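Written out below as structure tokens is the structure these notes cover.
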């Protein structure tokens, strides 16, 4: 009988919780008491399978809003972050987008999520005419949703082309093997890489694909070894990328790895890969050796607040807020004006490089950073500014 | 309003999925932990017909139901050969293989998913959020009516007999094969229906939308609500379908709460909240009869 | 390259079998598909890394991880599985175990944070080159440790009284009771051993990949089910053989065919095909462990 | 002297169905007692309750002067009961020898185990020939030998045998009853449950007739065999008698 009573107690607690929350309006509902607050919507996978990236993004969002407000806000008005966790679930992203547009009354939105949720939410913001900046999701369909949707990270094609350029000119590759993740990120990067390689006459082998969550790369690396390549282009995320690097080292493979922004994380990649990462070159958008004050400040402030190095995901999210702030200062704080402001961004110095602007479908134009790992840290290796490479395709 | 319409649509799809799985797992007692595969098959069939061949929602819907039901029939036939636990794991496998095919094969959009799916329309009127919410709940109502009818008819008795004791049911002259396969066909066909509506509601889909975690959630709805009970399963679908929104106030602990609910309900209400002979139901009726019932021996 | 891929496959298979063994020990006795066993795998890794960073002793790390997981297994069995098992059909403990697994994973995230933690143990072996075949240091360690554990488990199951009790109970609980076997203790033993094995595998994998993170049990949680079924549910020898089959299949597919399907789907595809041909799995259930 | 086994007002329920309704009986040392009755009369349930495999819903079970009601199953084995389950229930994947060793699970003294093993092999030379084979490969008769041998391994004072004749060829059934007779004459106390009443009452000294969970007739086996009530009660109702 005791267990029964306990069970009943738990169930009644559950019911009370349900009722209580049905009456309240959830996390997003905050009073707009002070007239001069501007609400910025935000969502990221803060729990669930990609909680690490979601947490980085959310941390950076909080930091950005805090700093913008500390610096006087937008012409005196404070920013207010309206945060949601999408758990990497497209259905939740749709609900969140509806909530942000119809109930929370946000002026603009930053997506700190992956392609799936971002893509699902984008049409709702477009329809509601509320500008959204996708901080690091790469799917090419996202900016093509409409004129209110902007993409803050490189088009995968740009990043891939930049990598091909690095392989050819910096690493002097003769024969490139590819080991890529089988998702939108991997495919767009491989596409860009192959296109540029074909233009410059670089020999590229048929790509090898792996899948999200794979851990064992010895078999495929054995194959790559037998096919004799001198550079390995690897569009991968930190978890899989670090294992690829470790296995290359374990097997004594003589090949120069060339990574992408997916590896650009100290906690998730460098620490796991350890010494094996030394010598790795990546194309990314964060130059940690930048002389620019914004970069130095961001890295310092993030480390102080959260106790670990910031990553690319965080830097991109942080930038999205600063782009918004800049647009609001210059253009005005209503959604339409913010949209125009973003679209007219010119040569804005962000953490992830100098943003030259956004093209007509909302894709960012900025130089690609090339970094190399030295003594367990990402260091400046080069920068690609050639407009032929960094201008994203419009079709 | 839109927010509520979206929530109603999402919850409606969950309820439909829970009802459809209930016919297989709750009423025929066949474990199916890969139900999202059929949800996905329906969604992908509908999406491909619509985006590649210009078939409108209503046509695509019917084909989607048929294709899912066909795959369901195959699984139903396979289920004859397998012991319970083996069947359970085979269904998990089916889920993974289906998702893998969607994710890998270029025809199905591969890693990029399928976008640009048209919303349903009648004549010149394209469905908005509100209309889709209406559509899904009309479908739910129809399914409930159909399901009640089935339960009352010979079909329902046969299925329950199979669930309770398959050998005895066979001895009574029930064609176990036929009813099992029929349960799979109806259940998976309805999941395909849910998938089709989902695809046209979201307008873009990718393989990740139909993963194993979705199957687990659907199963949890059925088991939590009470296997075999239509109101129970609907309750399960509504509660767990709304949970991600309702528990936003404890944002960081939502998964923890979800997991705990599963454990606690299974531990203390193993037949589900409104399942056959559940303690909650016993308790509800017990309250009414308590006076004069005297001491009951447990 | 074939020989090299076989070595690769057997290494992968060895890792799988360590996790699969824990699951099959529990299934053999309880007939529960215990997804939460993969939680013990992660728990072992976290406790191991926690102890290791404080003591820098791999022995203490192993003891902490294995001990903590064993206690967890015992508690789950007493508080959840045994009471549920008395009343309900197999889907109920399955859903409960999924719930436990979700709770565990989320607790790991809340307590240890969402980021990957490294497990910087330097393995003492260097690369071995045998003709054209390279065996890396970690591969060698994995092969040696798992061979040792298989031997240990084989002795435990076939040469000790508790092993005899486990086998008897797995084959016929009631008759085992009537023979004077305290089946309650055997059930507890199975959970303790099953969770301990999972934790051991978790620690080994964490060292191998130098990474501990909250969702590291996700893939083992369901992939192991496929392997355990392939081997005939509840049959330890079968689980080892099936692990090797899946490991080899994955290595050979990755090496020769390329990734036509995600690696996890390969295990399940193999399972579905096999079950169509042999509905009882590669081996019969609950068999003798020889 | 107190009886070896005493059952007082035993009741057994499966869910809401009461299958044993207040059965009392005593087995004294050296007795051979048979409970006979039709299929479904509750015979097996009595034995299962005695062995602790089902809980007693009412009444008491006293073995060797110790009240075992509500105690775990294994205490019956340490208390001196050896059990041959219905349908033999050998451990199919274990070897013959391991099956026997499982029977001696409660015996800590390895010398005693070896002694019992030698004795069982002496009684059943066939089992020794097949000691390394999995039990599933044995014939039905051999499995029955194994089940009985397994029950003897712990050196029981009371041998409880459930439906020894079920599913076996007539020749084998005869051998089984001869064996039970031999064990009894060597001093073992035996409690039998049998559908084959004729055979059982030839071996047993005492008989109990069970119907619908109640004992309706009891007495010396020799008396019962000819008793008109017994013939009527038993054969009149059991159409499927073999």
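A few comments on the model shown:
All chains are identified by letter, namely A, B, C and D, in their written order; residue positions are counted from 1 within each chain.
Definition applied: a contact is a pair of C-beta atoms (placed from the backbone, for glycine too) under 8 Å apart; a residue touches a chain by one contact, two chains touch by 3 or more.
These are the chains along with the protein names UniProt gives them: A = Leucine-binding protein domain-containing protein; B, C = ABC transporter permease.
Nothing here was measured: the structure is a model prediction, and the numbers come from that model.
Shared contact partners of subunit C (ABC transporter permease) and subunit D are absent. Here the chain-to-chain distance from subunit B (ABC transporter permease) to subunit D, counted in touching steps, is 2.
Seen from the Cα centre of subunit C (ABC transporter permease), the chain whose own Cα centre is farthest off is D.
The mean-CA centres of subunit B (ABC transporter permease) and subunit C (ABC transporter permease) are about 31 angstrom from one another, to the nearest whole unit.
With centres taken as mean Cα positions, subunit D sits 73 Å from subunit A. Taking each chain's centre as the mean of its C-alpha atoms, subunit A lies 34 Å from subunit B (ABC transporter permease).
In subunit A, the residues that touch at least two other chains are 3, 47, 182, 211. Among the residues of subunit C (ABC transporter permease), those touching two or more other chains are numbered 83, 106, 259, 262, 264. Residues of subunit D found to touch two or more other chains are absent.
All chain pairs in contact, by the document's touch criterion: A-B, A-C, B-C, C-D. Against subunit A, in their complex, subunit C (ABC transporter permease) makes its touches with residues 1, 4-5, 8-9, 11-12, 83, 106, 109, 113-116, 118, 120, 127, 134, 136-139, 205, 209-211, 213-215, 218-219, 250-252, 254-256, 258-259, 262-264. On the subunit B (ABC transporter permease) side of its complex with subunit A, the touching residues are 1-3, 5-7, 10, 103-104, 110-113, 115, 129, 202-204, 206, 208-209, 239, 242, 244-249, 251-252, 254-255, 261, 264-265, 267-269, 273, 279-280, 283, 298. Of all the residues in subunit B (ABC transporter permease), the ones that touch subunit C (ABC transporter permease) in their complex are 25, 29, 31, 33, 78, 81-86, 88-90, 92-94, 96-97, 99-101, 103-104, 212, 216, 219-220, 223-224, 227, 252-253, 255-256, 258-263, 266-267, 270-271.
On the side of subunit A, the complex with subunit B (ABC transporter permease) involves touching residues 1, 3-4, 6-8, 10-11, 14, 17-18, 21-22, 24, 26-28, 46-48, 83-85, 87, 89-92, 94-95, 98-99, 101-103, 116, 119-120, 123, 139, 141, 182-184, 186-187, 211.
Residue ranges on subunit D touching subunit C (ABC transporter permease), taken from their complex, read 51-53, 72-74, 76-78, 83, 85, 89, 91-95, 98, 101-103, 105-106, 134, 150, 154.
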